[in-house]
Every structure is written in structure tokens, then in C-alpha cells.
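Chain IDs A, B, C and D follow the sequence of writing; residue 1 opens each chain.
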Amino acid sequence: MPKKIRLGILGGGGDSLIGVLHRVASFINDNYVITGGVFNAEYDESIKFAQEIDIPTNRIYNDLDALVEAELKLPKEERIQVCSILTPNFLHFPMAKKLLDNGFHVICEKPMTTTYEEAKILRDTLKKAGTVFAVTHTYTGYPMVRQMREMIKEGVIGKVHKVDAQYYQGWMNPIIHDKEKRSTVWRLDPKKAGISSCMGDIGVHAFNMIEFTTGLQVESLLCDFNYLYDDNQMDMDGTVLIRMGKHVKGVIRASQVATGEENGLSIAIYGQKGGLKWEQENPNYLYRLNDPEPLQVYKPGHQYNSKLSLDGTKLPPGHPEGIFDAMANIYLGVARAIRGEEYNDGEFPTMADGVRGLNFIESTVASHKQGNVWVGLD
Amino acid sequence: MPKKIRLGILGGGGDSLIGVLHRVASFINDNYVITGGVFNAEYDESIKFAQEIDIPTNRIYNDLDALVEAELKLPKEERIQVCSILTPNFLHFPMAKKLLDNGFHVICEKPMTTTYEEAKILRDTLKKAGTVFAVTHTYTGYPMVRQMREMIKEGVIGKVHKVDAQYYQGWMNPIIHDKEKRSTVWRLDPKKAGISSCMGDIGVHAFNMIEFTTGLQVESLLCDFNYLYDDNQMDMDGTVLIRMGKHVKGVIRASQVATGEENGLSIAIYGQKGGLKWEQENPNYLYRLNDPEPLQVYKPGHQYNSKLSLDGTKLPPGHPEGIFDAMANIYLGVARAIRGEEYNDGEFPTMADGVRGLNFIESTVASHKQGNVWVGLD
Amino acid sequence: MPKKIRLGILGGGGDSLIGVLHRVASFINDNYVITGGVFNAEYDESIKFAQEIDIPTNRIYNDLDALVEAELKLPKEERIQVCSILTPNFLHFPMAKKLLDNGFHVICEKPMTTTYEEAKILRDTLKKAGTVFAVTHTYTGYPMVRQMREMIKEGVIGKVHKVDAQYYQGWMNPIIHDKEKRSTVWRLDPKKAGISSCMGDIGVHAFNMIEFTTGLQVESLLCDFNYLYDDNQMDMDGTVLIRMGKHVKGVIRASQVATGEENGLSIAIYGQKGGLKWEQENPNYLYRLNDPEPLQVYKPGHQYNSKLSLDGTKLPPGHPEGIFDAMANIYLGVARAIRGEEYNDGEFPTMADGVRGLNFIESTVASHKQGNVWVGLD
Amino acid sequence: MPKKIRLGILGGGGDSLIGVLHRVASFINDNYVITGGVFNAEYDESIKFAQEIDIPTNRIYNDLDALVEAELKLPKEERIQVCSILTPNFLHFPMAKKLLDNGFHVICEKPMTTTYEEAKILRDTLKKAGTVFAVTHTYTGYPMVRQMREMIKEGVIGKVHKVDAQYYQGWMNPIIHDKEKRSTVWRLDPKKAGISSCMGDIGVHAFNMIEFTTGLQVESLLCDFNYLYDDNQMDMDGTVLIRMGKHVKGVIRASQVATGEENGLSIAIYGQKGGLKWEQENPNYLYRLNDPEPLQVYKPGHQYNSKLSLDGTKLPPGHPEGIFDAMANIYLGVARAIRGEEYNDGEFPTMADGVRGLNFIESTVASHKQGNVWVGLD
């Protein structure tokens, strides 16, 4: 195993959950060393946090500009190689662009940008940069999601003809039904939160998952949102009819007001020969429906799994892996790419996935606003 | 307990599964005695079947006309009181009409008729007849479905704002993908099978279930079908966006090509205060999502259940009830209605449910064929 | 299908749950007609109940003696052929004996007798009588339990080396912890309830299930009871170590104070090549553990099931069957035996199962009372 | 947050799974920095591994003696503070003793020692040392196991009267049934593997879990082992009857030949007022049986959980946590203890748990070998 990769982190300080998730993921496979970054917009807070997590403070910077300037002056073998962008959404684009323009690798939280337009600019930037770029669609890191993808690719369920993806959460409920709260929360202010709440935040994960597992692309969609109140401008819930090729249809269902649901992401893919189903809250089970044979339940770590799946399993069967492991698998893939090692297609979500996501979100909004008409994706 | 109700059966002879289901259901609560009927279009077969199941053959008739004529001549206290219609779909309407016109009570298999037009005629007929009419939307007979309805009525989940119903089967798969088969099977011939396959056969159950449990009505819908092949004219799969009032939205998903699925009917209803979920394949569990409290699982037979639910439970908790019990509960409600006893709203699906069903099916077809536009229900 | 079998019922009147269960089971496959019986110790109550369920009252008798005397005078082709014994436990033995002595077939609720001694006498009686005798170990009627038996017989899991059976209920809890109640309830009075509560009532079911599914016999056992209070003489809970052959071991766990458990019967059988697991509360699933292949879930009605299993499934896959269906399957087997038709081994529990059960119960008590020593079974 | 704790690691190099588990756990909450150790008996391998995981090699030692000698010479603020012992079982005792004798804190893999005698010596050593000592009974680190403990402590299920713990694995199956393999594998050689296989390796976990969650102690036990073959001297399977106080009984069931089971640890605790159940393979669910109320399912991260449980949850509800998180929670507790911070009882398993474990294992062997008699625990 070669030397660890020098990782800079932008955002994710203090009590940030996303900070914990990325930090742990970077540790798990012994590939990264956190070298510096900008944990907080306030420099003092950044320094304080660095001390708390025992990171040397000499490479904690005031802002990204300072980081880039200083790091570029360092010899290449000391320089931060890759930055994780964990800042508020609207900063993803300018930060990613700056990093790519200066030759850094990037791990970017989702959504990659706030508009499809920005996403396409970033895509062009990456082409010039030629570095590694990953968007953390975390759920693609689960061993059984990877197994699903490989089985579909191998033809286990035959030609796909129907897909159904759900992402139901309920946490917006106490906010949306309170007139006071819903007029003040930044999440429901389109100026701050972008053009979509439910579809932009979680629907896009469901979208990503079905493209990831099937290898097919959504060609067009028809969307209906629910805003719940006349004075609310952000979608709290949406259902999207999709077409993924001739006679290949499906639905993406997303909600932030499915009261009591926690993180209910699930996907079901049906083909001519069988079906495959997976649920994020029980991520270690993959259900194979294969009439006329009995239902089968695939679990991580067994030799019947594909290389891509086994590669993301660290312990023997029966030791449940969770969300940290999923994110860690993505960091592992990125590490291999940065080092120029061979890696499997699907090990981490790329710029292309990020671009698709924005294309999807803007299309759903367009479809809904134009009166639930079909809108094609690029 | 009063004397048993005299039941005539139309269809359901031989190996008919639906015949078994209705016969058992009529037995379970000691309310009916099978007195006669027309089990088969062939009189000899009818007689033979009557002998097999040990029913006196003297009131087995050549056809419904003969039955009506002969029974009307009998004194009222001997006459068949109610007929179960288990014949092919296109016969439901003329048989039901004839029976109602002659003062019989009717238990009619679903779909009640093959067109919305017929359904409305039947509704008028029933008004004049003043008898009892039930459509066997069997799943409403499950104790936990009834419990779901009562809890929503009591406001347990608050104002409903989202519904999601699924009915996924996969049995059409080996037929639809075989060019030879799909051009010859009567199920796929619109002349024989009516205007809709998937939505007419099972989607309508999902539709019925959400109206039954929520007490709300679907006001308009937008539908997209999948025919899978250019040379197939029947919907194999469909997704229906629905609106059940201002800011109350939902989706009905139905499929006969969800490969490997058996009888995957499930419903999820979300309100401002909580959610409720139920699955037909595990009918003895009702999940209550009630953030911030822990998830609760309701089961049949416990005193915490409503009267309507307990009324449909025959054994103590822990003894799983199945589909026979569900149908038996509907027969029980019909018996009470025929006897003029008090019964709870929701004990059996009525003519109104049948009419709604046809309205739904025809609307889905209209929406799809007009290019996925919104269509209002009456 | 031949004429229906004439069935007499002893006990099971009024609100009796066991009465409902047997009556429905006798209806389900169109094999029996309830011809008469003694529903209640009070003749007037018996008559009243017969009227309620619309049974002719002319063959409702004062007691079993009267029934036997009168029926024997009838021509054989009119005579009651089989009686179901649903009376309190202590009456099972004398009633069964009387019936067998007079050439009747018998369906006997469990426990077959209250002592092993009586059970052996009954066994000898049956040998002379040569009629059909069934003990209603209902759970053996479930399609997936039958499938389990057939798979083990076919060697699917190889040589069995470990068995684990659980039967946990919690309903005794509110009684046992109330000093007043526990000193007055007949269930806890050894004079009325026999020598064992938990093991005699439910442990014996678990015992029966493992012998039924494995085809092996318990050779010896070591048992420990929990009485919970010094002033209580009946076992509320017990764990039984068992040996079913050299190096074949297992455990039977039974409880009536597993608080909150409803009817938690489950069995797990492990062999050299795989394992099989089944739970009564979800009776339509059979889990096959078959390392290194993925877990498989078998469900009723599929062609991959054995003849014995399919024979007990009335509807297509996905329509859950419950406890009535399980009991009905046993009645079906008995009907075939009475008619002299061919039937599969395992279709209904026989006298031999009843005898084994009593042998088991008395052995557990002996083991516990002698200080948890090993006791051999005959 | 104070400076990170300097951690030394003994064993766990190369592909060691236990090495990964401890390393990740030490990272997760930002409390430890791996400072040195002895990864491998071969010094060169140790150095190579240190380079692979990017640990400075200057504090990689030849053996534990060298480590202790060198570290003691360093100023206290630079010295390794705590060592994780991940070496083969027989080395746990001498290494732990050496470390304690020299004032180091210790995190020791399970089993703590190979004999009860050694365990007691270690206990005395710890008393003198006054340092922190943890045994990694990992499963006690799961948030829902901790919640179970707290709920029982608060009296949620009332006085406990029955416990049932299972630990079923099947991985020994391909070894034990192969005569060649079973005579050569070190696992089945008592000289190398100690006096017990199944009970020593996994039964002791189940034992630990019921003492941890109930707060009660096993007072005596009666055990039966299954060796499966005459020529095998190690227990492959065992069932242990236990007594935890007057009228408080239970069972521990452990197996390494429950074919197809992966890591099937589960516990069920029943009290006068309710029951609690948990399964390791789905560790994010805690089932509360609370007749006459509906079953409740507790999940991590909700405010209804106890402080001890919430303390071990890093992400919001719905993000499944796995085995790494459980171990990390134990490392977190140890970190607090080392720093002299306040911590909750139950945050990590202590020396006392280790001693109990050995007492348990030796008692099971004694009970079995003496012919399944009751043996008291200290």
C-alpha cells in the first residue's frame, strides 16, 4: 500500500454530521491523512476545531483562496492532493471550479451545483483539469447496491422493463405545518435553498440510484409536486413518471412529509427474467425475485457476490455494515483513481452523475410548473 | 342468531378458486346455507358439481333466468335471498341487473361491470330495488385494514396529505414476452378482456383501498401505462398520479409485470400527525409511524383495536388470519345488512364502491390515451 | 368427490373458539357435514346452539352415551361416522375410548389424554377398533411446515444434527403475578389442569413439530421448569434439553410468561448441508439457509413445493393462508383416511403422535422433579 | 476536546479483520492517534505494515518487552498511554499483565485470558495498577443494546423473570464434518484453542449480553455440549440452563454448527410488565413487547432514547450504523475513562466482565463433563 493521500477538508467543522461522515470514511481504509483545510468560515473556529481533532493547524487556512495559493507553493509531494467540499450548497460550484482550475482532485457533496448550467460548466472545467472528481452519492457505496448493479449488468434479471424508486422522509412535517416556521426557515426560501427542496435534496438520490443500478438513463419525465400550502414555494413531495427507453418505464417517489419515515430510500428493478429490491434502512439485504424459483436474499461478504460488492465489505458475513462503510467505499474508489490504480466502474459517482442530477432536478421543476407535461433529459 | 340466509351461487364450479373462496367465506360465520344456483354454463356440470359438494340438486338451474323464475314461485321464506355472481366479467352486469330487478340481494365479484356506463345503470337499478348489494373488494375485510380506516377516521394521523398505494404482480411476464402467447391469450384481447388489464384487474383494488381507508375521494388523475410491446393493446403496468383534495396528492402504482411479485398490494397513508402502512402479504400487521414516538405495530384481536376491526377477528392474537377470513368478514357484513341488523359503515364494499371503480378505470385509460393529461373523476 | 362425511361434534358450543376453528376446518374442503353431537353439557344449551348454527336438532344428544346408543341404531349409511372431541381435557380419554370401542372415527383435540398411561390404553383400543384417529396438532397442517418435512426427508439439509424449537406465549403473566388470581384459577390447580401447564399445553406442540419435521425421535430429555412463585405448583415456563440420536441434540423452550409474546411457535432445524426455519406467526414463509448459496424463502403455492405442501394450498401464491387453513388441511387428511383413499404420510397427526406427546410431558415433569436429570422416552 | 490519546497496537497487522475493526473504531470519534506497537511477531512485517498504514516506524517494536522498556523512558506526555491487545488468545494474559504492571491502560480482545485462574490474577493486578482496562465485548456498544439496558434499569419491563440468549453461527460445519480437517485445524485442538470452542468463543458473548442488559448475574448453570463426532474434543454447540436469582431462569444457546447462520446473536428479556428483544444482524431495532399495548420498535437517534444510547449514535435516524460504530462506542468510553472524564456505567466492558466470562466458560465445561449437573458461579 502506497503512502496516504493528503486530504483537505472544506467545511464540516463543529458538530457537522457530514463532517463526521467524511472524516470517518477517509480513515476507514487507511488511504487518507487529513492535512489541512478550511473547516469554518470563521478562521478562529477552524483553528479551534483542528485542535480538537488533533490536526496540525499550520495548514488551516482563512479561506479557499488562501489554501490554493499556499498549497501551490509547496512541493508537489507535500501538497494537499484532494479536497472534500462539505460547505453550504451554493458554495459547491465556485469551490469545485477553483480547485479544478488549480489541478486539485475533488470530492464534492451533493448537490454538485445549484443549477444545471453550473454543472455543465464544471464538466467542461474537469475536462481541462483531468483530475479526479467524485460526487458523494453515498448509497452507491453499499455492497448490496453494488451487487445489484453487477447482477443487472450480467443479465440476471434480463432486459429491464420497470423501475420503482422511493425516497420518503418525514422530518419536514413539524416545520411545514407551522405557518410561522415555514415562512422563516431558510430551507423553504427559494432564494437560499434553490429551486427544489424534496426533489433536489433526496429525489435526486433516488434518480441516481436507478441509473446507477440499471445502467440505463432516464430519457424523459413528467412530474407533479405537492407544496402543501399556498404560501409555500418549495416542493415537499413529488412523484415523477419516467421513461428509460422504449417500453421501459418507471416512477420516482420522493417526500419530506411522509410523516414518521426516517430515511426511506428503496429501489425495485424488474426485468423480463426477475426482479431485485433493496432498502437503505436494511442495507445488508438484497432481494432477488426469480419466479419460479424461491425468493433469494443476498448478503454482504459471501463469495457468491461480485468483485465490486466484495471489495466494499470489510468483515465476514453477519457483521452489519452501515452508512460509514458506504461512504468509506466511495473514498476508497477515489483513492485508487487518484493513485492511478485500476478501479471498477461504479466505485465512486463521477462528475457525470452530478451533471445528470442537476439535469433531473431542473427537469422535474419544469415538468411540474408547465402543468405536468413530459420533459426530456439531455 | 337467526336462521341462515339462503345463498345462490352463479359460477364458481369445478376447480374455480374464486368459488372456493366464496363458499368458505359463506361458511365461516355460520350465516349462510348454499341453497342452489348455476355453477356452470353446462347444466350437467352444474349438477355434477352440486353432488360433489353435497348440495341438493333440485335447485340447481339451467341458467339465471330459470333460477329467477323458479325461485320467485317459492314462498318467500324458502326462496334464495342472495346470489353471489362469480361468472366471467362481462356477465356481471346483466346478471346483477336481472337479480336486482327481481328483488334479490347480490354479492358481486369485481369488476362490478365492464364499463362505467353499465355501472351507473346498475346504481339506478339498485335504488329502485332497495336490496343489499356488495362488491367483493376482499382486502377491505382484513381486520388491520379496517383498523387503519378507523384510526384515520378518529384523527390518529391528523389531516391526510399524501397517499401511496401499490399493487404489483408478476404473473403476466411469461405471457407478455412470448409473441405467440400474447397474441392469443384472451386476457390480452381488448374485445374479451375490456379496456384495461393491469388497472382494471388490480389497480382498481389499490384505488378502492385508499378511498376505503382515508374516507377521501380521488378527484382527478393523470395516468401512464406501459404496454411493453407495440403489438400489445392492453396495459401491463401503470402509474397514476392522483389528487384527493387541495394539497392532498398521491400515487397508485400497479403492475402485472413486476417480475417475481406475487400479490404485492400495499398502502401507505401519511397525515400531519403520523403515518399508517399495511401490506397484503403480511396482513396481520399495521404499522403506525408516529414521530417522535417509536414505531408501533398493531395486530389483530387486541383490545386496543376498534370495534370494526375486532368484529372481523375470530381467534386470539398470534393466530394468523388469511384471505378466507377477509372474505368471510365481508359475507358477515352482507348477512347483517340482509337481515336488517345494525352494521358498521365499511363492513362490506357497496355499489358505490363498484361505480367508483369503473369511473377510475375508465379515467386512467382516458388520461393515458390523451397523452398523460389530468382527468377528473365524477 | 364422494358424499360428505357425517361429523358429530362434542363440545365447542357457544362462544368456543376451538368450536369455530373445527367447524370452519370441516367446511373448507367440502368433505364434512355436521350431523349432530353434544355441544354442551346442558342439553338445552346444545339445542339452542344447534339452532343458531342451523344444524338439525334431532341428532343433538344429551350426552355421548346417548349419542352412541342412538347412532348405532341408525343404518350405517346414515350414522355419524366421525366425532370431533372438543371438550375439557379430562374428558378426552373417556370419550375417545367410548367412541373407538363403538367403531367411530375420532378427531381429538390436544392433549389426547391427561396421562401417558391413558394414552397407552387408548393406543391399544385403537388397534382393536381399526378406525381413523387424529390428534389436532394444528400447526402440522401449514403448507410450509409440510414442505419443511418433505425437504428434510429428501435430504435437502443433510443429516440433522441440531434442533431448536420455541413456543413462547405471555398470556399467563397478569394471572401468575396476582396472588389472589393464581390461587383460584383452575388452570393453576393441578387437580383440574393436570401435571403440567406450560409444557403440557404448548411445549408438547413444539415437541410434536420437531418430531414431525425431522422424522427423528426424542430419545431422552433433561428439563427445568420455572414456577415463578413458591405457592404455585404449575410450570409457567420450561427449557428442555433433548437428544434425538447420537450427536443429535437440541432444545425445546416453552413459556407462558414470555410477556407480550402472542403465539410464538418457531422451529429451526440444522443439518450437515443446510438449515430450515419457520415461525407460526408468519406461517407462509420457510427460510432455507444453505451456505454458501444465498438464503432462500419458500412460499406456499409454488410449483417448487412438494406434493404434500401443495395439497394444502388452496389459492395462488401471495394470498396468505392462516390458521383455519392449517386445521382444514388436517380435516382433509382425515377425510381421505376415513374414505379409505390414498393419503400422504404426515397429512394428519395420529394416535402415535398423541401417545408421544403424553410421554414427553410426563418425562419433562419427571426430569424437573428429580433435579434436572436425563429421562429417557419410550 | 483534549489532545488525542496515544494508542499502541499489539497484533492486528496484515489482513487481520480484528485489526481493521479496532483501528477504525479508534479513529471514529477523533480520540486516538496510533503511535506505535507490535503488529506482527516478525519485526520486518510489523515495519512493513506500519508503512502501509502510514504510521511512523520509529515506535514499532520488536516485541512487547521492547515496547514497554522504550516507552517508559519517554516523557509521560509522549508515552503510549493505552495498548490494544489483538494477539492470539494465549498471549492476552501475559501481555495484559505486563502492561498493567507497568502502568499502561489496556483494551483487550476477548477472551481476556484462557483460564479463570489467570483472569483472577489479572483482576488483582489491575487493582494495584489502577489504570483503565476494557474487554471488547463489542456488541454492548450498539445503541439499541444500551437502550435495552437503560430501559430495564428504569423498570420498563418490571422485574425480570426469564431470559433467552442465542448465538448461532454455522461456519464450523465444513470443517467438523471432514475427518481430515477436524483432526488438523488448531481451532479443534484443545492444547491450542483452550478448553472450549463454541462456548468460549461465542457463548460467552451471549452470557455477557444478558448480564449487561439485565443487570443481574448468572448464579448457577447446567450445560450440555454437542461434540458431533467421537474423535472431536471441542464443543461445537451447547445449551446452558441458567439461574439468575430465585424464580429467574433462562437459557443460553450457542452453536458453531447451526448451518447457514452467520452471526446470529439475539437476546430476549421478559419481565412482569413487558419484554425486550434485539438481534445483532439487525442491530438498529429494539422490540418492546408491552401487552396490552401494540408492539413498539425503538430505533437509534430518536430523543425517546436514553442518554447512554444517544451518546453512541453519530447520525440522524434512518442512517443504519454497523459493527464499526459499536466498537467505536467502546473506544469512546475508554477514552473518557483514560482522561478521567465522567462516563456512564456500561460504556465499555471492564475487567469484571472479563473475569465473569472466564468463570462462565469454565463452569459450562464443568457442568457438561460432570454429566449435566448444576454448577454455581462465583
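We adopt the following convention: a contact is a pair of C-beta atoms (placed from the backbone, for glycine too) under 8 Å apart; a residue touches a chain by one contact, two chains touch by 3 or more.
Worth saying up front: this structure is predicted, and the values here are computed from it rather than measured.
By number of C-beta pairs in contact, A-D leads over the other of A-D and A-C. We define each chain's centre as the mean of its Cα atoms; on that basis chain A and chain C are separated by 55 Å.
The mean-CA centres of chain C and chain D are about 43 angstrom from one another, to the nearest whole unit. Put simply, the C-alpha centre of chain A and that of chain D have 35 angstrom between them. Of all residues in chain D, those touching 2 or more other chains are 261, 288, 291, 295, 299, listed in ascending order. A complete topology is adopted by the chain contact network, contact being made between every pair of chains.
Residues 1, 3-4, 17, 20-21, 23-24, 27-28, 30, 33, 52-54, 169, 261-264, 280-284, 299, 314-325 of chain B touch chain C in their complex.
The residues of chain B lying in touch with chain D in their complex are 288, 291-299, 302-304.
Against chain D, the residues of chain C that register as touching in their complex are 157, 161-162, 164, 170, 173, 177, 222, 224, 226-229, 237, 239, 241, 247, 249-251, 253, 255, 257-261, 268, 270-275, 288-291, 295, 372, 374.
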